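Right after this note come the structures.
One chain, subunit A, links the two complexes that follow: it is found with subunit B in the first and with subunit C in the second.
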Partner chain A sequence: MKDSPEITKGEKIQYSRFKPEMYQPSMSLFWWTKRTPYLWFILRETTSLFVGMYAILMLIQLNALRRGAGSWEALIDWFQTPLSITLHTVIFLFVIFHSITWFMLTPKVIELRFRGKKIPDRLIIAGNIFFWMMISLAVILMII
Partner chain B sequence: MIVKKKPEAFWWSLFGVGGTLAALLLPVHIFLLGIAGPLGWIEMPDQDTFRSVATHPIARIYFFCLISLSLFHWAHRFRHSLNDGLMLKHVEAYIIILCYGTAIAGTVLAGILVIII
Partner chain C sequence: MEEKITLSVQRYLPEVDSKPFYQDYEVPLKKKWVILDALNYIKDDLDGTLSYRWSCRMGVCGSCGMMVNDRPTLTCESFLEEYAPGPIRIAPLEYFGIIRDLVVNTDDFIDKLKSAQPWLITDQEKPLSDGAYHQTPEEKEIYEPYSMCINCMLCYSACPIVGLEPTFVGPAAIALAQRYNYDSRDEGTDHRNEALTQEGGIYSCTLVGECSVVCPKGVDPAGAIQRYKGTAALRWWESVLMPWKES
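== the complex of A and B ==
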């Protein structure tokens, strides 16, 4: 099997794991802009970037809290700038999109049964969204 | 039959828990602290009040889990987006180190911050 003559032909052919020398189909880097469902898919995956960004912002908040009143006030002042409000609004919209798509995916990942009958997908999605609303309301009531 | 344990299952479980926590909790956090507070719809908490809330043992665990798992959610999903969306599978090793490395570093930082806050 080693040194198969019809493949090597005396030349040094470099094989890599994902791009074989002999077969390189061309595909646009922007394949996901070609069809709407692809675009939704990439948009859904991109929400993770904003989830990560907010995790970093939470680290910044905790650090400002730790450093004292001065640092916290400075952060609050920055939060009131149009740049920050715009940034937070964009993050908010993407994270809302993440929440909705995530709750809609749940019935595809887990199949819940009650007395042998499959619980309808819609009921699981509605339950998720209801739970999400209750938690959000609880946090709002705790803060205000 | 030999079942080989793949690391994918481990990262996927962190991705799953992180995605759920982020979906449930992040919108209300971002809305209150990033939008409603700065626009004056609600009063922003001062450092003393917020710190006394954040130093409660449950709040420490809460912030640690929320930050860390959100980062692992990002790491796993972003890694696969780069692989599939931008077809960067040939530099997969670097992407894995970058994504999970960032999440691990963030987790360590979150752990330190919730302890010393």
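== the complex of A and C ==
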């Protein structure tokens, strides 16, 4: 064991606030690697970029529609290339991850009571995911 | 032979060094000892110069919060055995200024707490002759979980936003503001609204959620903050759509 440093005794001490000096620790740029929950948080937030990418894809589609049939056909052809399929798969997986983690947080915002009793968190998450599935199903049926 | 465990304690002695350093102490690994007992053993038997805060030893006063293996922890509630075979790394609460060893500066926290006005506010005080303020068990149940806060500041050390944005009012202060906002006897929501919605208020929170995980009293500051975001949004819409209505 290391000896603790000697403290000078017998000196007349004048007390003043935080004398001699308070140490202010600095925060590392990589603070989010320190604990697993932080890493999950950063992953959750970063995957929102993929939600944005879907929005951009939608705009590209709308633009092709506006330009006419030729443009639209060309876009559909591009959608069938391996690059586009890979891109869509990656975006899809991240958007699913983002959506599920987002729904997991809903009980933090929604606090519902039934006959004075708080509805359990899991039920709120399940309810939200159920509505999400139903709406997705309705959209799929509309397209088919 | 008695089993031992090593405590690697962060020290900061401003008269010796301008930076903190780690010092190892070997303490008996006793079944009934919590980390705070081990620190008291160091202070009494090994090194009297070690400084740290503690008081009640039973998870009520909220003084002995420290970083134990990088996690904000109440040291009076954490048994040495849980960390065997060790070593256990002990540091002061994260993001706070360090005064000495494990003692942090709480001034900023106290100021933020005050800004949230966590006390009962009524427009007009009732005369004593009117009797007590009544409250049903259901009304009490709504705010009760938030009233469990012991101001131990673990949630501040669990929240990276506290470190990144020094103006952030922080989890405990907002949870305590909500504790009074939810109280049927209180009429102070308007008074607290400014501190909660200005820069450094609820919108600084990005919902990392760790404040609620580390809370030793099961308070849910993350939930309190998100729910006030909903309340604040409704209040804003109300002020836009019904400007004649006094907020």
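Miscellaneous remarks
As a working rule, the second predicted complex is superposed on the first by the 117 of 144 C-alpha atoms of A that agree within 3 Å, B and C clash if a C-alpha of one lies under 4 Å from a C-alpha of the other, contacts with A are read in each partner's own complex, and residues count from 1 in each chain.
Definition applied: a residue touches a chain if its C-beta (ideal position, glycine included) is under 8 Å from a C-beta of that chain, and two chains touch if they have at least 3 such contacts.
Treat the numbers as computed from the prediction; the structure is a model and nothing was measured.
When the two structures are aligned on the shared chain, A:H98 is found in touch with subunit B, with no touch to subunit C. When both complexes are overlaid on chain A, the residue A:E45 reaches subunit B and subunit C alike. The partner that reaches more residues of subunit A, of the two candidates subunit B and subunit C, is B. Judged by the touch definition given at the top, the superposed model places A:E73 against subunit B, while subunit C stays out of reach. Of the two partner chains, subunit B is the only one touched by A:A55; subunit C is not. By the document's definition of touching, of the two partners only subunit C reaches A:E111; subunit B does not. Once the two complexes are overlaid on the shared chain, A:V90 sits clear of subunit B and of subunit C alike.
Of the two partner chains, subunit C is the only one that A:K34 touches; subunit B does not reach it. When the two structures are aligned on the shared chain, A:Y23 is found in touch with subunit C, with no touch to subunit B.
Look at A:L123: by the touch rule set out above, it reaches neither subunit B nor subunit C.
Comparing the two interfaces of subunit A, the one with subunit B and the one with subunit C have residues 18-19, 27, 32, 45, 109 in common.
Contact residues of subunit A toward subunit C in the complex are 1-2, 4-5, 7-8, 18-25, 27, 31-32, 34-35, 37-38, 41, 45, 105, 107-109, 111, 116.
Interface of subunit A with subunit B (complex): residues 16-19, 27, 29, 32, 42, 45-46, 48-49, 51-52, 54-59, 61-66, 68-69, 71-73, 76, 79-80, 84-85, 87-89, 91-92, 95-96, 98-99, 102-103, 109, 131-132, 135-136, 139-140, 143-144.
On subunit B, the positions that touch subunit A within their shared complex are 16, 18-20, 22-35, 37-39, 42, 44-48, 50-51, 54, 63, 66-68, 70-71, 73-78, 80-81, 85-87, 89-90, 92, 102, 106, 109-110, 113-114, 116-117. Chain contact summary for the complex, subunit C toward subunit A: residues 11-20, 23-26, 46-47, 49-50, 70-71, 94-95, 97-99, 105, 138, 141, 160, 163-164, 206-210, 213, 220, 222-223, 226-227, 229-230.
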